[in-house]
Structures are given as structure tokens and as C-alpha cells.
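Look for chain A in each of the two complexes below; its partner is chain B in the first and chain C in the second.
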Partner chain A sequence: MNRWLAWGVLIFGVLYFILPLYGMAEFSLSMRRGVYSFDAYTKVLTDPTFQQTFSYSVMMAVFTIIFGVLLVVPTAYWVRLKMPEARPFVEFITLLPLVIPAIVIVFGYIRLYNTSSWLPLTGSVTGTNLLLMFGYATLSLPYMYRAVDTGLRTIDVATLTEAAQSLGASWATILARIILPNVLVAVLSGAFVTFAIVIGEFTMAALLDRPAFGPYMQLLGANRAYEPAALAVIAFAITWACMGLIQLVSRFSKHTKAQR
Partner chain B sequence: MAFLELDNLEKFYGPVQVVKKFNLSVEKGEFISFLGPSGCGKTTTLRMVAGFETPTSGSIRIDGQDIVRLRPNQRNIGMVFQSYALFPNLTVAQNVGFGMKVARRPKAEIDARVKEMLGIIGLPDLGARYPFQLSGGQQQRVALARALAIQPQVLLLDEPLSALDAQIRVSLRSEIRAIQQKLGITTIYVTHDQEEALSMSDRIVVMHKGKADQVGTPVEIYNRPATRFVAGFVGTLNQIEGRVEDAANGLVIAGGQSLALGRRLEQSNGTSVALAFRPEALHRGEHPGEIGLTGRIAEVHFLGAVIRMKVDIGGTQVSLDSFNRAGADLPRAGDDVALSIAPGDVLVLGD
Partner chain C sequence: MPLKWLGMAPFALFTFLFLLLPTLYIVVGAFRTPLGEFTFQNILDLNTPSIRSAYWVSIKVSVLSALFGCLIGFGMAAAVTLGSLPKWLRNPLMTFSGVASNFAGVPLAFAFIATLGPAGLITIWLRKEFGINVRAYGWNLLSTWGLIITYLFFQIPLMILIIAPALDGLKREWREAAAMLGATGGQYWRMVALPILFPSLLGTFALLFANAFGAVATAIALTGPSLNIAPILLYAQIRGDVLGSPNLGYALAFGMIVITGIANAVYIWLRARSERWLK
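Let's look at the complex of A and B:
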């Protein structure tokens, strides 16, 4: 009886997720009347705007991840090592982006850093990109911090630090050679979430007027029928590829083999 | 001047003083153990030498140079931890070579040293393994090699054997001692295990409530404990309450019996004292030249090589150890026995 119920719930769940995906995939293949074809995909992939916006967003994602790692790993490490009493506070701060809408952040940015402010970041393309990256990093903070903090929990941070210190290592060396490699899998999962957020983000990119993938998707969705579906399928494929990559990397990291 | 000198070292955590006026001179190549119960300040003292704790006052000098102001990574001190603390992301060889790599030594030199170190610890073929692929004993040996590879001025070991099982612990402690003697490295070893301290050390510092109660060779510590705490902490010690009858002639009444210690006592007539002696100093039967006592056997425990008995002497139970001999009868509980002890083995402890 219980078993049947469990199977029932499982099947319901699978259908719940699969059916819309199936419908979307089916629709994206139906651009040519009566037969399935990849016309919508060809159209999307050959669109130069797609290529530009997508590569722009990928690049932004990469920078955001690098910035996020440089910001979060030392912070989480330091909080764990020296200021354990500050942890609830830091956790609260990292959770704020979930509560504060992106639009509030971006309006705040524009008010603070507009061309007539003391730091006119929006006055140049590089400055605006930088601002956008900070915004993305803020959005990904809850996921990145949690992932890294969980990763740090699996190693004895204090003793490993002392061992490295007694061997002559500086803080930078300890972070780069000991701490980071040991939380790499956690960092990667945080990086993956960051990647997904940056690729799909609309509000910030649109309001800062940067040619990102999110606004492009929105534009396409508002004006075309089949292409948005194809685009969505492509986005799914990219997401799953990322997940697979993380699995692969964590499988290949030799020193954690025994723990799984 | 000694190689490592701890001078009036003190440490407060807020209002709590964990190390009090700690003085110690360690000669080059000496193996010193800090022995004491948990919370006695031994680990804190070690961590001050390593640089992980800052002394509230006092100085630490290595080879004449005060190191208190140096950061841990500038002190050139090797440290071995109870939890091994091997870097999980590095292989055994990379772990051992880590300190030299940080110091930017040439690769050939690192490789040669790593090979030499792995040879010394008896694991020459495990360089490519990761720490999780090693047993606890192997991991701790790698940790030792890692600490020694930087050729530290002083080696610190913080209860390195506590996490291992009994058999490995015994074999590894003689191994550590042999390596230490071979390299002639000045070593401080923190432990709460008296057997470890007695068997490995040149000298032992028995610590109690943040103070060094006694500093001495293992033989001195065991045979001539300076304080009641040392006497009670190191080894088993029997104590019988008594009263000085005749201090000039060394006569003490204890357990309803008169004991002639045959030496002048410092305590005056009539003061109450404790007579203390080791379980192995007391034996059954009467021996000429020794103090005779009578008692009643209360318990007998056959431990193989040793027979441990509890004997009731005038209402106080004391332990008595004797070696087992094939063919000898085991005494039985309830037997009245004659006992004897050499006068020199009896310590008179005042209050």
C-alpha cells in the first residue's frame, strides 16, 4: 500500500516536471508545419545577437564567479577561524539578497554611482560592467557563501591552518594551497548556481542597459513564437551540462574519493 | 645558556590564569615531556612556543633569540598534532615537501629530502598516496616527517599518539624516540599518558594547575616525587595516614603498627603525616633489614605477569604488586600475611 503510494507520488512528480519540458521541446521542433525540424534552433543559434549576448553573459558569469570566490572564500574562512561568534551575523547579511529585490539594488546603484556622483561608474562601459558584476555577485552571495561554509565544515580549518603556519606558510599560501583546494567541490557548486543566475538575470542587466542574455531572451519571447521555446531548451541543456561538469570534476578530485 | 629557554612564562584567558610563572631550560637535542592532567596548561605552554598563543608575560628564547614577537610561520618550529592535520588535498610526498615548497627550495632538493624523510619514517613507497589511504599510525608518521622536513630548530608534539590504538601507540613511541635521537632534534612532547612520558623522555615536566610541579628525569620523577600531586599522578602510590612518634629515630605509627624508618624525620613529634610507597616496593614475607608489617589480603587480581593485590593494613587498603612465578600459589582473599618494605622506599609526605 505504502509502496504504491510512493510510486504514485514519484510518477506524479516526474510528470509534473517532464510534461511542460516535453511540451516546450515538442513546440520548439514544430516550426515547420507537419514535420519536426531544427529550424527554430538554427534561427536562434545563427542570430548574431544571440551569440553576442550569450558570450557577454558567459563572460560576466566567469568574472562574477572569480570575484565571488575571492570575496567569499577568505571571508567564510576567516569567520570560521577567528570570529565564530560573528557567523550568525554574516549569514544574515548573506541572506539579505534573497529578501531585497534586485530592482532595489540596481536603483540604489544607479542613484549612488550615476554620472553626477562622486564615483561615476555608470559613466563608462567598463564601470557599468563592473557595477553589473557586483550586482550579480550580490545576488549569488546566499548560495556561494552557504556552499563554501558547508565545504569548510568538512575540514578541520583551525588545525590545518596551524599546521601550515608552522611549516612557514603565509595567509595567502594557506588560502590558495590548502583551504581553496579542499573546498573546491563546494566552490564549484556555488559557481554553478552563480552561472545559472547570471545567465538568466534580467532586471539588473536591463536597467543598467547592458547587452546580456536575459534581456535578449525577454525580447525574443515578446516577439517570436517558436524561437523562445528553442532558446529555453538550449538554456536547459547548458544548465544540465554544467551540473554534469560539476559531477565530473568532483569525481576526478582524487583526495575526496574515499569520502563518497 | 640553554638552547630553548622559557622564562617566567604566564598566560591569562581573561581573569583565568592557565600558566603560572613557568620556567624551563632545554638543552639542544633534549627530549622533554610536559605531563599532566587535562587543563593543567601543558598544551597552552606548547602552543605559546609554537606561536599559536601569545604569552601574557615572560619570554621564550631559542638559541638566545626572543621569539615571542615572531609569527608562527617565522619561527621554524615543527609541530605534530593529535589529529595528524595532514593536508587532505596533497599526496604524502607533497605533504612532506610542503614546508620546503613554501620556502621556495629547488625541486631537486625537495625531492631528495622527501625521499630521505619517507625513508626515516619507514614508508618509502607511499609517497604517491593520499592521506585518506593511510592508517592512523601511518598518517601520524607522515605528519612527523612533514614537521621534520623543514629542519626545525625545535620539534613540538601535541599528544601525537592519543588518537591511535594501544598497539600502534607503543610501537610508534619508540619509533619517535629513535628518530628524535638519530636527528638530535630538541623536542617538547605533550602528553597525559605517564607511561609515554616515562619511557620516552630525557626529562619530564609534571604540570599541575598551570605550574611546573617538578622537573626531572623519569627516574627522579617516579622514585622521588617532589609533591603529593606528582606522587599521585605518576604511577600508583599507596598512602597510609600516620603520626610521627619519634622524629629523631624515625619512628612512625601508622595503621596501628609501629614502623621504624631508620632515618631522621623533618616533621616534629606528634604531627600527622602520610607514608607513601609504590605497589611494587611492598612485598610479602619477612626480609631482614626491612620494615615488617602485617595485613590481610582483601582482593587478588591475576594480571598475567603481575599479581595485583589489595591488602588491608590497619583499615587502609593498599596495593601490592608481585611478579607471577609458575608453581607459586596465589594468595587468597582473607589470608593474613606478613609484609615487608625497604625503609628507603617509604616517602614521608607532610601536609
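Let's look at the complex of A and C:
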């Protein structure tokens, strides 16, 4: 490829990516006329609604991760160990959330689990929170499952299981003390992707009417000028941190593998 | 039933209740009258000017953002993998792509409003420095093209992430063999590289299409309810039954599943084909 063309394409692309990021950073600092200041950030960070919605979303992310790990790790382990024939089906199902738009899934939730249904989850606050967490777990399923499954591929599941069983370990012990520590890096990278997804998710939270960070950002965007830019910078920093942590833990895992 | 199926029970139960059943409910509802009888009327009722235009604008935005995403992403990936650029550029680009492809939704809309919106960085700069009022030239961020330019921010990185490994799979020998037989660079690309890459390119195009088609948050944060595209119409329908018929709402959602389903089927089929070459 022509060297000048290559540089041209790259510089064009980099400009396209840098300018919006620069634009939002600049805008977020320009609340005070004429000088750069952190006013927009102070405004946002001291807003009680920000604190409430942000901690709500962090809590939801944590619960989603715990639930996702409890659901995915045993399943992926079981498929590898006992049911390789079920693999194509399980993989297909875990890819479905990428095919069916989130708005359609949550539409189904609202109609299926409303107050007059057999499982009236939307009838109470706890129930709706639970439903939202299930929704988030569904959204993150493709990423979580593939991360864990890739992690399981690098260890000898059958041998580890037999060794543990011959020492008298129960299934719960095997999963919690043998399998999970061995795929911890994979679980962590799945967890960070889940965190990044949940923290900014808008559609499900808005339609289930929960006070999450995504709908708060949207509401602020419709009513304010500078604060949304500050929120965008914060959200970008969170995404960057999550992806950075994934790189960090996977580098850490390569290191431990090399020592073996 | 053998006991080992029991190990799949939690997963099966969860995905049935919170993924398959809700989707099925929508699909079945699309073919039902309010009284529960079977009908095609809901699907036929989708053929109104407003719903048709919502789907049409959605498809247009998705096709164009996928197309430009593919072209620019391919160019950038090719520049760092095949072009004679310094090697150290590759890793930062891939890391950045991983972040940017996940930077979607509401904050992305804010970033573009702050840059290309009425009071955005570039808009103001062009007006101050060059006296160009982009609005006078018809530019409006809250439009189809504004949406496309915004969507490219996650489309291009996704393309880079998927296509870079495929470009790595192009063997040096193929290029050398072609050159030995007297092929020019253009001929090599037209007759060797592109036919090999074609399934991955088209497959990624389908994936990007589905990706843009289902995006709700970015569009709502960018344009509010003003732009008539399928996901925003569905959002309004769920919120307040704007179509005046719940079953028509199911049909609208069913149409979205069909479109993203076809796009993904194309992607899966073509990826299986492309993997035959790139190993």
C-alpha cells in the first residue's frame, strides 16, 4: 500500500475520533465564560440525583456481574465437561441478545411480567429491579459466556475435576475452589465488559422506569448545556478504565502462563 | 432423560424466561387480534406512510453507517496492518478501537452535540475563523446524516477490530506469487485479496448494519423523539401506545427482529465461509 495513502487514511480517521472527544472535553470545561473551569464537573458531581443514579447503576452492575458469573461459569463448565453436544445450541442462544434489539426484549418483559400476569415482577420495586438485572444479564450474556468459555479452553477441565473428585470434593467445591480461580482472569474481563454495558445502559432502565444513570444522563442532556459534556467525559473515562483493566488482567494471565 | 441435563437447567430456565419467551410473546402478538385470534392484519397495517418512512430512514441510516464504517475501518486497518506505517501504531489503534466500539449510547450523542451541534466546537470555529455558517449550507446534526456521522464513531472501530485479524490472515506468499506472475498491486487486490476477504467484508457489513439498526439510546439522546426511525417509534409506542394498537406495536417490533435477524444470519453464514480461507 502506498505510504502516503496509508498515512492519509490514518490521519483522517484519527482526526474523526479525536475531534468529538476534544469537543466534549473543551465544552465540559467552558461553563464559565472566557476561562476554563471545572464548574460543570462540580455541578454534576454535587448533584444528589447524579449520586443516587450513579450508585444505583453501580449496584446494578455489581449484582448483574455476580448473577452472570453464577449463571455462566457452571453452565460453561458443564457444557465443556459433560455435554459437548449441547455446545452449538448454547452458543447460539448466547448470541441471540446481539440479534434481538434490547428494546424488543424489554418490550416483551413489560408485557409478560406486568401486574396482571402470572409473574408480576413489575408490580413492586424489588421485582422491577430484579427484572432489570435479568435484562442486563441477558445483554451481557454474549460477552460473559465467550470470555468464560475461552478461559475454560486453556485449562484441562476433565483432569482437574477427576482429581478434585478423587479427593472427595463436592460439585460446589470444585466450581468455587478449582474452576473459578483458574478462569478468574476470563471472568474478570467478562465482568468489566458487563460493568461498561450496565453503567450507561439507557433503553431498558428508561422503559422499566428505574432511576439509573443512563436515563439521568438523557434527562440532563435534554435540559442543560455544559453538564452533559462533563457526564460524557466521565462516561468515556469509565469505558476506558474498564477496557484498560481487561488489558491489564489479560496481560497478567499471559505472565502466569509463561511461568508454567 | 439423563441426569446430566439437570446441569443445564438454570441456564435453560433463565434464557427461556428472560430471552426466548419475551421475544416469542412479541412475535406471537404480531399475528394476533386483541381478542387473541390469528391474523395477518397487524403486519399489513405496518404499511402506513409514517411506519414505512420510519423503517426506511432506519434502514438508510444503518446501511450508510455500515457502508462508511466498513470503508473507513478497512482503510485504517489496512493502513496499520499492510501499509508501511510504523509497527507501534497498531496496538494503540486496536486498544482505542476496543474502547470506542463500546462508547455508544447517551454520552456519544453528547460528544457530537458538543462538537458538531449548533454551539459545537467545529460549528463555532468555522463561523469565527472562516465566516462559514454550516447551518446555511443545510447542516443539521439532528438529521439522517448527523445520525450516520455519530454512529460511525462505534461502527469504524468495530470494523477495525473484526477486519484486522482477517487482513493478518492474508499470506505474504499469495502476494509474492501474484507479483511473480506479473500482477500489479491493483490486480493483486482485485483478483486475489478482495475475493478472499469478500465474505468477511460482507459479513462485517451485515453485523454493523444490525448494530446500527438496534441502537436506541444514541438516537434518542441526539434527536429526542423528533426523528422518525423504527427504534424511536417503538420506544414511543411502548411508552404511550402512539400507534393506538398494542398488536401493531408487536408487529413493529417483529419487523425489527426480522431485519436484524436476516442481517445476522448473513453474517454467521459468511463468517463460516471466510474461516475456510483464513486459518
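Definition applied: the second predicted complex is superposed on the first by the 227 of 260 C-alpha atoms of A that agree within 3 Å, B and C clash if a C-alpha of one lies under 4 Å from a C-alpha of the other, contacts with A are read in each partner's own complex, and residues count from 1 in each chain.
By definition in this document, a contact is a pair of C-beta atoms (placed from the backbone, for glycine too) under 8 Å apart; a residue touches a chain by one contact, two chains touch by 3 or more.
The model shown is predicted, which means the values in this text are computed figures rather than measured ones.
Asks: Quick check on the superposed pair: does A:104 touch chain B, chain C, both, or neither? Answer first, second, both or neither.
Replies: Touch partner of A:104: chain C, not chain B.
Asks: Between chain B (first) and chain C (second), which does A:156 come into contact with in this model arrangement: first, second, both, or neither?
Replies: The first partner, chain B, only.
Asks: By the touch definition at the top of the document, which applies to A:191: first (chain B), second (chain C), both, or neither?
Replies: neither
Asks: Just to be sure I read the superposition right, which of the two partners does A:21 touch: chain B = first, chain C = second, or both, or neither?
Replies: In the superposition, A:21 touches chain C alone.
Asks: Chain A residues in contact: does chain B have more, or chain C?
Replies: For chain A, the partner with the higher number of touched residues is C.
Asks: Applying the touch criterion given at the start, work out whether A:40 contacts chain B, chain C, both or neither, answering first, second, both or neither.
Replies: In the superposition, A:40 contacts neither chain B nor chain C.
Asks: Would you check which partner chain A:173 touches, where first means chain B only, second means chain C only, and both and neither mean what they say?
Replies: In the superposition, A:173 touches chain B alone.
Asks: Which residues of chain A touch chain C in the complex?
Replies: 1-3, 5-7, 9-10, 12-13, 16-17, 19-24, 26-28, 71-72, 74-75, 78-79, 82-83, 86, 90, 93, 95-112, 134-135, 137-138, 141, 193, 196-197, 200-203, 207, 214, 217-218, 221-222, 225, 228-229, 231-232, 235-236, 239-240, 242-243, 246-247
Asks: Which residues, counting only chain A, touch chain B once they are in their complex?
Replies: 155-156, 159-160, 162-170, 173, 177-178, 181-182, 253-259
Asks: Note which residues of chain C are touching chain A in the complex, please.
Replies: 4-5, 7-8, 10-11, 14-15, 17-26, 29, 72, 75-76, 78-80, 82-85, 89, 95-96, 98-100, 102-103, 105-116, 119-122, 152-153, 156, 185, 210, 213-214, 216-217, 220-221, 224, 231, 234-235, 238-239, 249, 253, 256-257, 260-261, 264
Asks: Enumerate the contact residues on chain B facing chain A in the complex.
Replies: Interface residues on the chain B side: 50-52, 71-79, 81, 83, 85-90, 98-99, 102-103, 130-133, 143, 146-147, 150, 156.
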